[in-house]
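I've put the structures underneath this note.
Here chain A shows up in two complexes: once beside chain B, once beside chain C.
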Partner chain A sequence: MVGDALDFQLLLASARHEIATLLDDPRLSTGLPGKRGGALRDHVLDLIAAVEHRMAHGPGGGASQRARSAFARSMRQSIGVLQGAHAALPWLEATRRPSVNLGSLYVTEEWARILVGTDVDLVVVPDPEFMYATTSWPFSAVINETPGFTARNTRRPVVLNYPLSDADRVLLHPIFAHELGHASVDEHHLVDAVATELDNDPAFTTALEDTVNAMVAGTGLAQTQISGMLRGLLLDWIEELLCDHLAIEIAGPAFMWPFALFVLPHGYGEVGREHPPNTLRVRLALEHLARRGWRPYMDRIAPEIMVWLDGIAGDATGALDRLFAFLRDQLLAHANVLQDTASRRTGADALDPAAMEPAADEAAGLLERLILPVGLGNPLDSRAILLGGWQRAIAEHGDHPAGLVEALTDRRLQELVGKAIELSTVASAWKPAK
Partner chain B sequence: MMRDLQRLEALSSAAALGLWADDIVLALDRVTSGAGFVDADRQLLNDAAEMLEATLERTEQPLSRPRSARSLAATNTALSIVATLVREHPGTDEQEILRDMAAILREAAEGTVGTDDAERVEPVMALFGLLGEHQLVESNSVLASRNDPSVWSATPSTSNSS
Partner chain C sequence: MTVLGREDLEHAIDDDDLDRRLVITPLLDRTQIGRGAVDLRLGTEFLLLRRTQRPGLHPGKDSQQEVDDMQERVVVPFGDELWLHPRHFVLAATLEYLALPDDMAAYVVGRSSWGRLGLIVATAVFVHPGFRGCLTLELVNEGDSPIALSPGIRIAQLAIHRLENPAPPHEDEEEKYLAPVRPQPSRLASERENFKRLEALGEKLSSRLG
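And now, the complex of A and B:
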């Protein structure tokens, strides 16, 4: 019977077994050299300690059957999460042998500092499947729901997946900035900030009411159900768009070009449950870039690509189902809220076109002569080197969509860019001994 | 497509809500069995009351915005469970159930519920027990999805990926 003595015996033994299996694994039991991966390891150890805490606080002898069943369920949940925690072990292993380009890793760590904060443990792991993705605090929901338990780790672990085949495709790596946006949004409650501003706008609440009522009439579902579904989608879309905006803040056009070449082969104006149509994403991204003063630079470097992207942006207002049209129209109408929220987060660390354009030009000029673009005087900013890399790539491979794709096959260019970022980071950080 | 990272997040979120619901059952049992509060119970019971009040608010003002994505998920599930209870017990009312249960939880948090109140508290324990059961099924379906690629590709995306 569920929750009887034998059930408890089995569950506690199984939980102990899962814990022992995790702790016996050398990837977890062995300390990591340096700081990378340390917070992730501590986070997994916190999960184990939280489950042990739960195991030690089972119901007493006089507990009701409902309480015994509840404890049995909580043990089953805990065992499932411990089994899931095995997924973290290869991530710990990856921190010992990073396979991503070192220059990319350095610039990604800089982005993480700007977007998320200084107390971040960034773990960049190749994904056997072809996808970029991220998660942070993967077990915190469970750890934090353990009454009376306090976690040891306070440093945010961020795990960032990239396709192994893209390890050296440095020009594609500004996509990491979007992925880090998810950690930033979570850390700084940015989705809530945007949603609150929308709710304070009477035009939004009126449109919401109209849409919900029309859908109630059309579907027979309750207002609460429609509203809940709509709000869930809205929050998801806001998060994705915020991540695009944050990436633009810190990487500028160096995000826009790989973003377009990465997402557009997957979809054009189709609606995803969590992802807005790419037409909308391109439109809002271009609007943000223009507001940040990047448009003249982009028109100078890639005029034909910009015409192509403008055309895609123009398709953002095409026909959609009522629900999705509501989301699209409201987000377009509140583009300034997304932009302001992203700009407030990055503050003075946002990429400044006035400062970056000459540096990117210098980097592109050096790359044209196959010289490592570290800088002729002071070391160039790593983000300017990346931008100069794209500038040179478009000049060499063509100002058209296929040119963006072909740039990724240019190993020599990307090796120079990655190595230059690596050296520039080291040179900037190095201080001579007194 | 749903990837490993997001699967883990989904598992962690589903499990956390289930663990929380079952902890409320355990806390209420301590109250009514005379075992007494443990330190975290007062907060736990107040949080439970708050969730039911937020659910009630959504039935009264369907367009209102839940405080967070977590609150949206929890109140969605609570709404669904309470709707089932109402269907199974004709003559009952969603809002009345939510209001009464939230009040009992507030009383329990204040320490004014004791062993004599077991009958009154029982439906609240049952509700949170159902929430715990629902979430265990959710967690298991996330875990099982790993072994079935067709489920992965058929699952609506929860990916953070670009």
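And now, the complex of A and C:
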């Protein structure tokens, strides 16, 4: 029976077994050099300590059946999460021997610092399901729901998964900036900030009411049901669009080009489960790039690609179901709210075209000569190297959509770009011995 | 050929004309430029020989893929280290990326401080004019104690020579190791034609006896 003495015996023994297995693993028991992975390791140790806390504060002999059942539930949840924590052990190993290009790792850590904060511990690991995904505080479900327990770790562990086959596709890695956007949105409550601004706009609330009423009349569903569904979709779309905007803030056109080649083969104007139509994403991304002053640079580097992207953006206002059309129209009308929210987050760390264009031109010129673009004088900004890499890729593989895809098969160019970012980061951090 | 001294090296490294410039990047510290050579540092990527079921390597018969499959790439970030055990062999690369102008060639030699610990930094030794890339270093621990290798440490020296009559490269010289940024496995497999010619020659010579 749930919560009886034998059930407790099984649960406590299983939890102890899971804890011992984790602690026995040298990947967890051995300290890590430097800060990389340290917060993730402490987070796993916090999980273990939280479960031990739960075990030590179980119900006494005279406790009610309800209390005993609740404890059994909490132990089953603990055991499940402890088993899941085994996944973190290869992640810890990956912090010592990164499989992702080291230059990409350095620039991604820089993006994480800007978007999430200086107290972030970024762990970049290949995903067995070949997906891009971000997880913050992976084991917080147990740690935060253990009354009386205080976690030791306060640095946010962020695990960024990517397909192993993309490990050296450096030109694709600005997609990581979008993924880190999810951690940023979570840490700084950015979706709430946008939603609040929308809710304070009478034009939005009136349009929302009209849409809900029309859908109630048309479907026969309850008003609360439709409102809830609409709200859920709105928040999902805001989050995705904010992540695009944040990525543009910190990577500029170096995000736009891989973003287009990454999402457009998977969908065009259709609505995804959590994602807005790609036509809308492209349109809002281009609007934000223009506002940030990138358009003249992009028109100079890739005029034909920009014409193609403008055409896609033009299709954003095509026919959609009423519910989705409402979301699309409202987000287009409130594009400035998305833009302002993203810009506030990045502040002075946003990529500035005036500063970046000459550096990107220098990097592209050096790449053309097969000289590693670390910088002939001072080290070049790693983000300018990435931009220069795209500039060179478009010049070499063509100013058309297929050229963007071919750039990703250019192994030598991406090796040069990745190594240049790695070495410019090292050179920037280097202080000569006196 | 003359060996460039410190002053000539500094001139070549600072030359504004990119066609004539000796690029060694990043040059973290100007003290790396010595009286007759430039110190090079250890990079962050290594190729280790993988233990497999294969009996060994035959560069004349194995494909390039088979040779590559026997190597495992390991990245060791700054601040961490790779331990090289006695009699073990590893391919590494220089931290610096080189771009030699067409009128310069170079020789790479190990630093004696490492040699005295038993570490042999054998390399491709001669660097061709016009070479671009990070140099592959062949590291062997001939001592009796494991040696910690830290990325960024000064590990080799590059002596630069100026050519008197530079000539354009042969086609096969240009493509074999173009602009590598990480240690390169042997490309002997790409010379299989030479092995076949030697085999044919052997048959021809032996048939004279029969």
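In this text, the second predicted complex is superposed on the first by the 431 of 434 C-alpha atoms of A that agree within 3 Å, B and C clash if a C-alpha of one lies under 4 Å from a C-alpha of the other, contacts with A are read in each partner's own complex, and residues count from 1 in each chain.
Please note the rule applied: contacts are C-beta pairs under 8 Å (C-beta built on N, C-alpha and C of every residue); 3 or more make two chains touch, one makes a residue touch a chain.
Worth saying up front: this structure is predicted, and the values here are computed from it rather than measured.
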| query | After lining up the shared chain so the two structures overlap, which partner does A:398 touch, if you call chain B first and chain C second: first, second, both or neither? | reply | neither
Message: Is A:126 touching anything from chain B or chain C once the two structures are fitted on A? First, second, both or neither.
response: neither
Practice task
Once the structures are superposed on A, label A:96 by its partner contacts, choosing first (chain B), second (chain C), both or neither.
Solution key: second
The chain B residues in contact with chain A across the complex are 1, 3-9, 11-13, 15-23, 25-26, 29, 32-35, 38-41, 43-44, 58-59, 62-63, 65-66, 68-69, 72, 75-76, 79, 122, 125-126, 128-129, 132-133, 135-136, 139-140, 143, 156-162
Touching chain C in the complex, chain A uses residues 33-34, 36, 96-99, 102, 105, 369-372, 374-376, 379, 412, 415-416, 418-419, 422-424, 426-427, 430, 432-433
In the complex, the residues of chain C that touch chain A are 18, 23, 25-26, 28-31, 44-45, 74-80, 95, 97, 99, 132, 134, 152, 178-182
In the complex, the residues of chain A that touch chain B are 54, 57, 59-60, 62-64, 66-67, 69-71, 73-74, 76-78, 80-81, 83-84, 87-88, 127, 129, 131-135, 138-142, 144-148, 159, 161, 175, 178-179, 182, 191-192, 195-196, 199, 205, 208-209, 212, 222-228, 231-232, 235, 243, 259, 262-263, 272-275
